[in-house]
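Paired with chain B in one complex and with chain C in the other, chain A is shared by the two complexes that follow.
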Partner chain A sequence: MEQKYIPKASLKAWLGKVRDDGRRLYAPVTENGKTSFRRVKSADEISMEHVQTAQSAKGVAFPRTERLFSYVRQPDGDVTLQDYDPSAIPDTVVFGLRPCDAAALKPLSGIFGWDTEDKPFSERMRRVVFVGVSCSRCDAFCFCTSVGGHPGSAEGSDILLTVVGDGEGYLAEIVTDRGRALVEKGGDLFESATGISKEDYLAEVPVRFSVEEVQRKMAGAFEGDIWKSQSARCLGCGACAFVCPACACFDIQENARGSGAGDRIRCWDSCGFSLFTLHTSGHNPRSTQSQRWRQRLLHKFCYMPQRLSVRGCTGCGRCSRACPVDMNLAEHLGEFEHL
Partner chain B sequence: MADNIYLPHPVTIEKVTQEAPGVRTLRLKFKDEEVARTFEFKAGQFGEYSAFGEGESTFCIASSPTRKGYIECTFREAGKVTSALAKLEEGQTMGFRGPYGNTFPLDEWKGKSLLFVAGGIALPPMRCVIWNALDTRSNFKDISILYGAKSVADLVYKHELREWEERPDVNLLTTVDPGGETPGWKGQVGFVPAVLEKMNPTAENTVAIVCGPPVMIKFTFPVLDKLGFKPENIYTTLENRMKCGVGKCGRCNVGSKYVCKDGPVFSRAQLEALPAEY
Partner chain C sequence: MNELRSKAKELLDSKAVDLFIGYEEGTRLPRPLIATSAEEADRLIFDERCTGNLAVYLTRKDLAAGGRKVGIVASYYAMRSISRLLDENQLREGAVKVFGLTQDGGLTLFEAIADVKQYLQETPAPSRQVEDEWAKEIAEMSAAERWKYWTGELSKCFKCYACRAACPMCYCTRCIVEVNRPQWLQPWAATMSNMEWQLNRVMHMAGRCSDCGACGAACPLGLPVHIIAHKMTEIVRQNFGEPTETGNVLSTFSPNDKENFIG
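So, the complex of A and B:
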């Protein structure tokens, strides 16, 4: 993989050039003590002090709510439809996503791309360039190395930056042609990089369990009691799904604007919600929280590997950080290993 | 560029039939002539029906693929979208996207006898297969239909029931729950599983297709066991809640199977291999 070096002092100039042709730039911004991806005008607004942003960058490709099409009903009962318009999607650069977020683009693409193509997702993905930044620190919730990831993994990024030296610059690994085009925009700002090894600058994330063993045990535990004991305190609030970079479940709803016009929209949903599978008759195939917890884990660690050849978890640890009752995914997964 | 899989086809309501209290059949015609000409589906498939302004609902296609030029759905007024669809009148526009899901393996059933067992509003998915089989009658041996509803008023497709009754090549048995009969009722009185046992159909070279509320299915399977039907010769459909219909929204799965992609048609043998999440 081709490597370049860019001094920290040149980053602002490069990101300025990146925005030159009207591209939108999304990057981590700290507001009220919380770091999230925001649209920024200048590199000065960016903050990279965090281990992990509160929300992942997935909203750029799979927004929290998205219009699927619009309709206008005429007084005579006729209806005209206005299709989803991909030309309205802005070209975007996402700067500063961690390798676990970039890795989550693969399970997302798996779900939205298998069998039939999901146009809103694929059209957005076509217009985004992802600039990842490796992790030099981790916390107790991180477990990327337990699920096939790595704090310096370039998978999913178009360019991967790693802070090197005493923090005075970045090693830039050019992963895709889209990434190369973005580096070329920087011209001389990028220098040649020789003799720099990113491995010296990465966080050490301990391997917390054998994921193969966990998956094997989990697949055979459908009727077991472990789901009940693990989920006894789960509130079904859905926070874990809303912060997850790999969760893709959605609802389809009507956003009626009155006077017969409106939009069909989709919005994030969670398999942890009690209404998720509720039939109109009142019957619910997953009526208890333990059944819904089982679905969450089996979907990510058994069904997705089986159907899409990719896991639905990259070990970012967000679900554990966000959970109001301290459910810790890495610990819960570890329990399966010893079943 | 790929099509937008969430964009429905506008369809015109050609005909509304009030089947039973709260149950209607809509005959729909595609507005786009190209779509009307090329649209194809197979028995067992379903679609997402739009009431613009209210949302979408999942119904099977209740008409037979052998009847060209239109599709039909039969639905019970149950909640938000179905109530809105029930208010629409002939000539008005709604939306349809589909067909989705797998199909009844009619080709594999060639040369066999078919036994249909349906309860309540579950006749629609079966009506599609029944007409498909009747329109290709020479492919099959005996065709028997056992259909039960709560009361005489709740029987749907009354006109077609009469037609099937009069056909010499169909053996139709209708039944209503005890207390649901009217003075002039000539059919059976009793719950579907009990009537099935009395009917005593042969399992030999026969496929049983069972659709109905979960409790009916639960008590019908053991009767079929007793009659000698093997799990691989019993078919049913699942109705897990759906949104996308195309394997993305994540809510219709039973274990690793998506009802919207791998179903809604399952043999009992296939169901037995799945966790009981339906």
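So, the complex of A and C:
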């Protein structure tokens, strides 16, 4: 993999050039103590002091609310449809996503590309360049190394930056052709890099459990009591799913504007919600929170590996940080190992 | 703490309660513990970091329903929720034993909710200074500034409904936002529909909200949604007084109700 070096002082100039090119730039911005990905007008707004952003960057490819098509009934009774318009999707650069977020693009793409390709998702993905930044710090919720990830993993990023030296510059690993094109925009801002090992500058994320063992035990625990004991305190909100970089459940809604016009809308949904599997008959195959918790874990650690050859979890720990009642995922997964 | 554990174990062992709702150590802060055995009750803790409102678990059908008896640790505001849940026929007197956090900083066992009510009547509510000042700051904004503030905050909401899930008074089996014939509220996340949701949520709390702040504490995005509830509580108190056992401002109608807020 080709490597370059960019001094910290040049980073803003490079991102400025990237923006001047007409691309939208999304990057972490801190406000009221929470850091989230926002569209930035200047690289000065960017903050990289966080271990992890409150929300992942998945909204760039899978927005929380998206119009799929619109319809209007004409006076003669005919209905005209306006299909999803990919030309309205802007070229975008996401700067500063962590390796666990970049790794989550694979399970997301797996879900949206399974069977029939999802047009809005794939059209958006085609227009995004992801610039990852390795982790030099972690916290008590991080567990990427337990689920096959790494604080310096380049998987999913088009370019991966790692803060090196005493923080005066970044090692840039150019992963894809899209990444190369973006580095070329920077021209002389990027210097040659030799003899720099990023391993010296990465966070040490402890391995919390053997994921193979967890998956094996979990697959055999469908009828077990563990789901009930673990989920007793779960409140059934959607915080974990909505902050998760790999959760892809959505609902389809109708924004009817009266007189025969409206939009078909896709918005985020969560398997933790009691309404998620409620049938029109009134029957709900997952009527209790423990059944919904079981679904959440089995989907990520059994069904997705079986069907898509990828786990639905990259160990970012966001679900555990966001949970109002501290449903700590790494801790819960560890309990399966000892079943 | 040892006293709490031994009392909880005693209640569980003697089947005086079927489950005991308290706190255990969590990753960063204490978290809820729903203990069903003396062994689990050994994990109970209680200190000044235990500020949540555990009353939310009392209406959970898979936990406390079906005649099960419950022991629960409750802050002042959680006791207020318990009192109001009884008024709304969501709890049975005799089914709940409350270990209430009293003014001396210790836990006092209230065998009946009537005793909890008595305590609440005799004891002033703990200060809500932070919330008071926050609400005042917002009230002093111009209408344009206030609109900018709330649209800015609520534009971030992604409708995970953690605010609803954490609220002891949000016990509807089907929430207004989940009804789609007719669709009262737009269920997707967008600034205006987020605002509609929060206003509807808070309006349904009129005269019922215990002002515990659990909604705001639960928000994964740190949005100050509890300040809306706090402000509403203040307005309701000023205009309608305190709720009584026979009803609150949401559930009762009086021909003498003022309507000067309309228009």
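Just so we're on the same page, the second predicted complex is superposed on the first by the 335 of 339 C-alpha atoms of A that agree within 3 Å, B and C clash if a C-alpha of one lies under 4 Å from a C-alpha of the other, contacts with A are read in each partner's own complex, and residues count from 1 in each chain.
The criterion applied here is as follows: a residue touches a chain if its C-beta (ideal position, glycine included) is under 8 Å from a C-beta of that chain, and two chains touch if they have at least 3 such contacts.
In this text the structure is predicted, and so the values were computed from the model without any measurement.
Colleague: Looking at A:238 after the superposition, I want to know if it touches chain B, chain C, both of them or none. Which is it: first, second, both, neither?
Modeller: A:238 sits against chain C, while chain B stays out of touch.
Colleague: On the superposed three-chain arrangement, identify whether chain B or chain C touches more chain A residues.
Modeller: B
Colleague: Who does A:169 touch here: chain B (first), chain C (second), both, or neither?
Modeller: neither
Colleague: Between chain B (first) and chain C (second), which does A:34 come into contact with in this model arrangement: first, second, both, or neither?
Modeller: The answer is second: A:34 touches chain C but not chain B.
Colleague: Where does A:290 make contact in the superposed view: on chain B (first), on chain C (second), on both, or on neither?
Modeller: Second partner only, chain C.
Colleague: Give one of first, second, both or neither to describe whether A:251 is in contact with chain B, with chain C, with both, or with none.
Modeller: Both partners.
Colleague: Between chain B (first) and chain C (second), which does A:54 come into contact with in this model arrangement: first, second, both, or neither?
Modeller: second
Colleague: Answer with first, second, both or neither: which of chain B and chain C does A:264 touch in the superposed model?
Modeller: So A:264 only meets chain B here.
Colleague: Touching A:112 in the superposition: chain B (first), chain C (second), both, neither?
Modeller: The first partner, chain B, only.
Colleague: Residue overlap on chain A between the chain B contact set and the chain C contact set?
Modeller: Shared contact residues on chain A (touching chain B in one complex, chain C in the other): 251, 253.
Colleague: So in the complex, which bits of chain A are touching chain B?
Modeller: 68-69, 71, 73, 77-79, 81, 83-84, 86, 111-112, 114-120, 122, 222, 248-254, 256, 260, 262, 264, 266, 269, 271, 276-281, 283, 285-286, 291, 295, 298-299, 302-303, 306-307
Colleague: Spell out the part of chain B that touches chain A in their complex, as residue ranges.
Modeller: Touch residues, chain B against chain A: 1-8, 10, 50, 52-56, 78-79, 82, 88-89, 91-95, 214, 239-241, 243-244, 246-256, 261, 275, 277-278.
Colleague: Touching residues of chain A toward chain C in the complex: what are they?
Modeller: Chain A residues touching chain C: 32-34, 36, 54-55, 64-65, 140-141, 232-233, 235-239, 241-243, 251, 253, 255, 265, 267-268, 270, 273, 275, 288-290, 320-326, 328, 331.
Colleague: Please output the residues of chain C touching chain A within their complex, sorted ascending.
Modeller: So the residues of chain C in touch with chain A come to 26-29, 31-34, 56-57, 62-63, 156, 158-162, 164-166, 178, 186-190, 217-218, 220-222.
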